[in-house]
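Several structures are given next for inspection.
After this come two complexes, each holding subunit A, first together with subunit B and then together with subunit C.
For the complex of A and B:
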């Protein structure tokens, strides 16, 4: 197996890169461990002041039609029964399926020039989340894991990276290891599973049991010192701390006053967005909420319209709710999908649209991004990107830039290959 | 513009010494008296004798005979003049020809041809002057901020033994010409598999490993897994490493039978080309299929408030900081390299009292962002806020404060963000808030402020967002 020529020089290279990218970072007063220990994990200093602190990523999986949401056109032959509407921002037009969002267009930046080479769901979702194309030999970490790796948790007592709407977080962190994996929450209403003390066990009892388990584990670890063992222990410890923390309430959307909860709509996605807001309030670093089934090969317009009812309500409520709490400035709200859908309508599939990676749309808001703008354009049919193309990597770089993360910091996989958070793509700083 | 080729070995006395005399001796000569003071050679480095040059200074050796790239002296004079490390510090830097001669002189073994120079005051020439500056070291922790990491300087490198034997430079050009010397073997040995996608036999053939050698930008971009070329650093350049492996190695490039491997001379040329900075000499290649470049990110022209205010800050004492974190607060720098601080309570807020928060008063002059939301603070406890003259961000949402606290903050003229949602602040405070002209965002949801009051505030602070 090929190895880089000098292990030692590679490590100094890493340290050197850190120095070059992070600059003179910590004042001598912070060098003492005492401060770092008592101050909790929130010691990350961003590359520039006023960087955002958290991310809510809304994953529209299935390939969301761009013409029917954020890039509506005039030409009837590509729009079918759909039309565009004006919004409260001069620079933004939306599809008629998103009327509530039209009242919040001043908060968002619409990117209509997304473009990718991945035309299949697995690869498209993969590169959207991980910035690298899938390769058989390695699993690249998702954005949430990268963010955790580069900036740590803000709230030390609860997980820093949560995925709502999925059951399985195991493949999220790839070569970074289980410590940076997402904590999955399938149903927003049930909160975190297994996070309540079994009845009949007091906290003291539980502590004692835990210490015993740790003692036994130490021997096991000595024999099988593998990163994964350490990683699962950390996850377990995360969960334990969760049980004792008053922050546990962050995961319980039943604590929310009913009028606020109602603003998000009753859908799982809506309640998932509500949960995301609560988690952000409790300083969770990265929350992803998935809303799937956008793969409208058949009956595109009926299906998209139905889904937009849910999306419209949830996204509008989320933006408004974050904004009035003063959280929008420090939270990046990003909405993405793996590709768009064909402007040409497939009539014999009940007016369907097929996959279309060449041009599609994302949204990004908060975190210092200027609202009420459209970045990048497609032609009059939504077929080609005319200016300012943005790849999924650039989109991720933009999120990382908003967070003040070091974009060039290289992390090495166990096999010795260097990676960066967005595969060295440049952020779209014009959005800020 | 190519430098003229030097014929024959470099003569120290005629080519190098005059430059040193003119541009280096002033600061790096023997100690002398000037204006009643003794001027010592900077960094303990004497360049006015052969012994001194070879011995080096406080940081160790500055010449690595045979290897200009490893020679600190050559590195320092080759920096950009705006760089901190650029030498000489005063007067004109070395011209391009002077640098070239210096480089060749070192490469040829740094031979002095019998020149001795001024050995007065050198003392025991075998011992380099002591005094390495200790820098705080820290390893990049997972998720944690990186502490100052030691610079990769010669301070920790001992005088190296002569590495490669000096090459005869008679008549050899100083730089590799990419198009004439490198491109031909790239085309022959690499491009067949590593080029733009093309159609063959009804299928689209993609570049192996997503790596293309048929365009300069593509070579720089590298493969799907990262860069294969690090300009200036042959050791870190995978494209060189792969062709330099033993031919029977699994990862050897080009794979057996696919193309002719590079000859020893070609590998040497490739290495030199990379070491000299991987200059493509204007060659672009086939850009078809490459993603369009975005223009460089514009940097903001105005420094932020945090950058301006940082200039007036003195460090806070470790004790004061520890006292604050002992109450459960989290302290961070607002940005890398900026001494201003953000203080907040991320967890356990409900238990935080006025007494806890009082400790922050001791570092008031350093705090630009303060988040006391959801804590148990009261108006009395926040009387100290009037001393937080650098505050740009204040978050007091969901606390028991009243209009009284707004009195405390009415002189904080740098405030940009003020979050009061969920408090009992009323219209009475709004005229005071209106006087804070730098405000960009004020949050008043669920307060006792009325629609009318909010409207008036919007009128007064036209550039601010008033969320009500």
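For the complex of A and C:
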């Protein structure tokens, strides 16, 4: 692992030298860095010199009500039975459903001016993750795959991009290919699938079998001395390395002391957040944890209140835990959703709220973000964004900016179409 | 647009089937007498020789020596994987290897091309290209099983390719209307996105990439202007669902809002499955340019008439609405005179058989495309036309070539054009891996059917009214109801569903439930498969695509969101599954797995080892390998057979097809 980092810095150094001497980069992946550093890309903020290393993205799927979480209002007709509470930061007010988080508001920046035109779940989730609208002819990669593509693994023995919780069937890495795809984890308690020897197979059995396979492969390799055959064998090495890796324990939340685990709450989402923290601690680059069922067309207030119990506990624990371990400065914690919900309460749906893409809320914390602030605002009913609108693309650009990634670097799909990490959107640098 | 520089005249001969006129001009025979059966093997071999000559001449010109024939072991494994999508079972392998029939290769090819395994493999092939999925549409709500069955049926009937394509593009009616037979599912795959659908049609069937031109002029590989795109799209513009419901009228809306929750959900589902699922309209032949049209040759929102962008010019010059745009488009698309239509399918199937295309990607036939064997492509194009687009007969000729039966190429091929100096080594597809493992796990695996493709009514994760009512009946009952009548009927029907209780969806069905008439072949509960999990079905019998965490998806089955989205790339999670997952869970140490049952029948350790080798690798062990595993038996005892089975699946030789 250290060897690899050394190699990387050596190559970076060489690239720098080459650029200084020749005015070009020898490595395409550093080319845009050079442009940004010399101010060549006028439309974009320069890359951050002191960049965050990891991301935890909390995906509130289903469309989280902004009024009932991060953008509470005074007016009864839009708030129903819900009210706002003060927090430990002057600049932030939260819904009463988030009392614990109110004690950590100094760590978070709330963005109340999110806006999009995607009012359907799949399309909204697509653009939230991929910064491009869905097309029938291509699958765009998600942020985690982009981050892996542009900055690589930090720990070479374990996967760099992990998704916890349910996911849709669409490839995460799209045209970037499986090398940059997420490793999916269904249940945070069971870790990576098939990473342990089955019961009844001892280490000795396993070693014996590997020797047999190696003997057989030697013959095959003599016949077919191909790169792809070698590559396949290397994967066996990686897999065995992973099985034996010290850091595989990063995936085992059962190793956490019970009082720490309890802080996050027993919910699957809470335990997913705990797993995310463990993974980040072991230098995993990007972890996404999904928390679903925010689609509160019916009985919005009962449902959101229930969901917030879990969110409040887990998010508060995560922020406090990262902070305690000194990881918050190097980790971006972002929370997003595909759209908000209507300020108008649909009474005959037992006080439900429908989809509302025009205005909604995200939060972002850590990784150099200034805590205790609210960015952008909606009108007194939470219906229109009044100032500083932020699109999902800009939100992704902000995460990328926090990581020090080249926002303008074009990556080509196999069919030759150029794309950038957040569709050339500008980051919200005022948050830092 | 430029046309291709090489033409028929270059060959200067009357082509291909000249010697077999009786066949070439016969009307396409009925379903019972499939076209391949009409050509004698001698005829087939004469054409195969002609194909080989193109390859041999090119090799000779490059100063390369000719390639030797594959061994019987290599051939039988390759031909099973290629035609039926899985490795041969122990019995199948031994039967072939031990036969001294001089004609055994050609006979095996014929047997396989007419087997259910062929249909299974072709379904995987086409589902990947057509993105055929169980639940298409913007919200993935629609039950499109009728379309999947249409695709399966078209393969089983060996429908001529040109007719098949034409059927899909001109299909009308409801998706669950019995007489329309599900063909409308092709257009419905991109419900609400007709422009994307057209771009996909042009890519799949003519190798023309237009998706960029949807939004702007594109000088990428050829000059395709945004206007060209919209003129093409005009042909198929203006299609509607059979009964699209917006709840626009107040009475309907009030009815909807006042109905109980479960009735409302049911009506909504009917909307996806029945009212909106289907196509009405012939294609307007006119279309408005987009709001943001930015070029000088026309104004935003200007109505333009349909016009083909290459080949024979077909146009709706007056830009007045017509009612047969789709017919006109299809006629232009599927005629042999279309300069791209036939080339694309001829090359696509060539690649399927030979491992590499004469040009790649197979759906990118740009003007400046580099073709490895131009005159062979012309020959194949003519062959396809002469065979009246009979895909089975076409493949039969290719499988009988020496080119297909070459030794594997020991060199790794990099670069674009391939000279076919030996078979290219390639990793199995996800479906081949899964189906091959299945073939070593249970008997007669090609015949086992699940319930995922039956037209059952699905309600809350269960099949209801099985044997009494299916989706086609539901369509007939609901389609013509409006307003109160619809809601009353919905409430009544829902009560029936709830009273029925149903069976868990996806569960093994018993023969007695198959009265609804659409299940073909023995079901999962046939006693041959007693004791095997009902999830162990061939990839073509599992939902399309398999669920995201399934073995198939892990190994690269396409999510079927984009054309040919499948991949043969490997990653660590696949290896873990081979080391600790599926192979251990279903095969190693499973006494009911076919491989163990066959080993059990063998008397000596040597024979058992031979059985395992033939089952997994389709060859007998070398002396050295025999020694290796025998001495393992001597030291470890019975457990050595588990070692053996595990090891064979975890070799490169299992994974790479020679």
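Assume the second predicted complex is superposed on the first by the 337 of 432 C-alpha atoms of A that agree within 3 Å, B and C clash if a C-alpha of one lies under 4 Å from a C-alpha of the other, contacts with A are read in each partner's own complex, and residues count from 1 in each chain.
Just so it is clear, contacts are C-beta pairs under 8 Å (C-beta built on N, C-alpha and C of every residue); 3 or more make two chains touch, one makes a residue touch a chain.
A quick note: this is a predicted structure, and the numbers were derived from the prediction, not measured.
Trainee: Pick one for A:419: touches subunit B only (first), subunit C only (second), both, or neither.
Mentor: After superposition on chain A, A:419 lies in contact with subunit B alone.
Trainee: Going by the contact rule set out at the top, does A:135 touch subunit B (first), subunit C (second), both, or neither?
Mentor: both
Trainee: Examine A:323 and indicate which partner it touches, taking first as subunit B and second as subunit C; both and neither are also allowed.
Mentor: first
Trainee: In this superposition, which partner touches a larger number of subunit A residues, subunit B or subunit C?
Mentor: B
Trainee: Tell me which partner A:86 touches in the superposition: subunit B (first), subunit C (second), both or neither.
Mentor: neither
Trainee: Examine A:179 and indicate which partner it touches, taking first as subunit B and second as subunit C; both and neither are also allowed.
Mentor: both
Trainee: Examine A:389 and indicate which partner it touches, taking first as subunit B and second as subunit C; both and neither are also allowed.
Mentor: After superposition on chain A, A:389 lies in contact with subunit B alone.
Trainee: So, A:404: does it touch subunit B (first), subunit C (second), both, or neither?
Mentor: first
Trainee: Check the residue A:260 against both partner chains and state whether it touches subunit B (first), subunit C (second), both, or neither.
Mentor: After superposition on chain A, A:260 lies in contact with neither partner.
Trainee: Across the two complexes, what residues of subunit A are contacted by subunit B and by subunit C?
Mentor: Subunit A residues touching both partners: 135, 138, 179, 417.
Trainee: Considering only the defined contacts, which subunit A positions touch subunit B in the complex?
Mentor: Residue list for subunit A touching subunit B: 1-2, 4-6, 9, 12-16, 18-19, 22-32, 34-36, 38-51, 132-133, 135, 138, 148-157, 179, 245-247, 282-283, 323-326, 329, 388-389, 391, 394, 404, 410, 417-419, 424, 426-430.
Trainee: In the complex of these two chains, what residues of subunit A are touching subunit C?
Mentor: Where subunit A meets subunit C, its residues are 120-123, 135-139, 159, 167-171, 177-179, 181, 183-184, 186, 192-198, 200-201, 205, 208-209, 212-213, 215-217, 219-221, 223-229, 231-233, 235-236, 238-240, 242-243, 298, 348, 415-417.
Trainee: Could you list, by residue number, the parts of subunit B that touch subunit A in their complex?
Mentor: Touching subunit A: residues 136, 138-140, 142-152, 210, 221, 224-227, 235-236, 241-242, 245, 249-251, 291-292, 294, 297-298, 304-307, 315-318, 321-322, 325-326, 329-340, 344, 346-348, 350, 395, 397, 417, 419, 421, 441, 443, 445, 467 of subunit B.
Trainee: Using the touch definition up top, name the residues of subunit C that touch subunit A in the complex.
Mentor: 138-140, 190, 193, 196-197, 199-200, 203, 209, 211-212, 220, 257, 261, 364, 408, 410, 412, 425, 427, 545, 547-549, 553, 556, 559, 561-563, 565, 567, 569-577, 579-581, 584-585, 589, 622, 625, 628-629, 632, 636, 639, 643-644, 646-648, 650-653, 655-656
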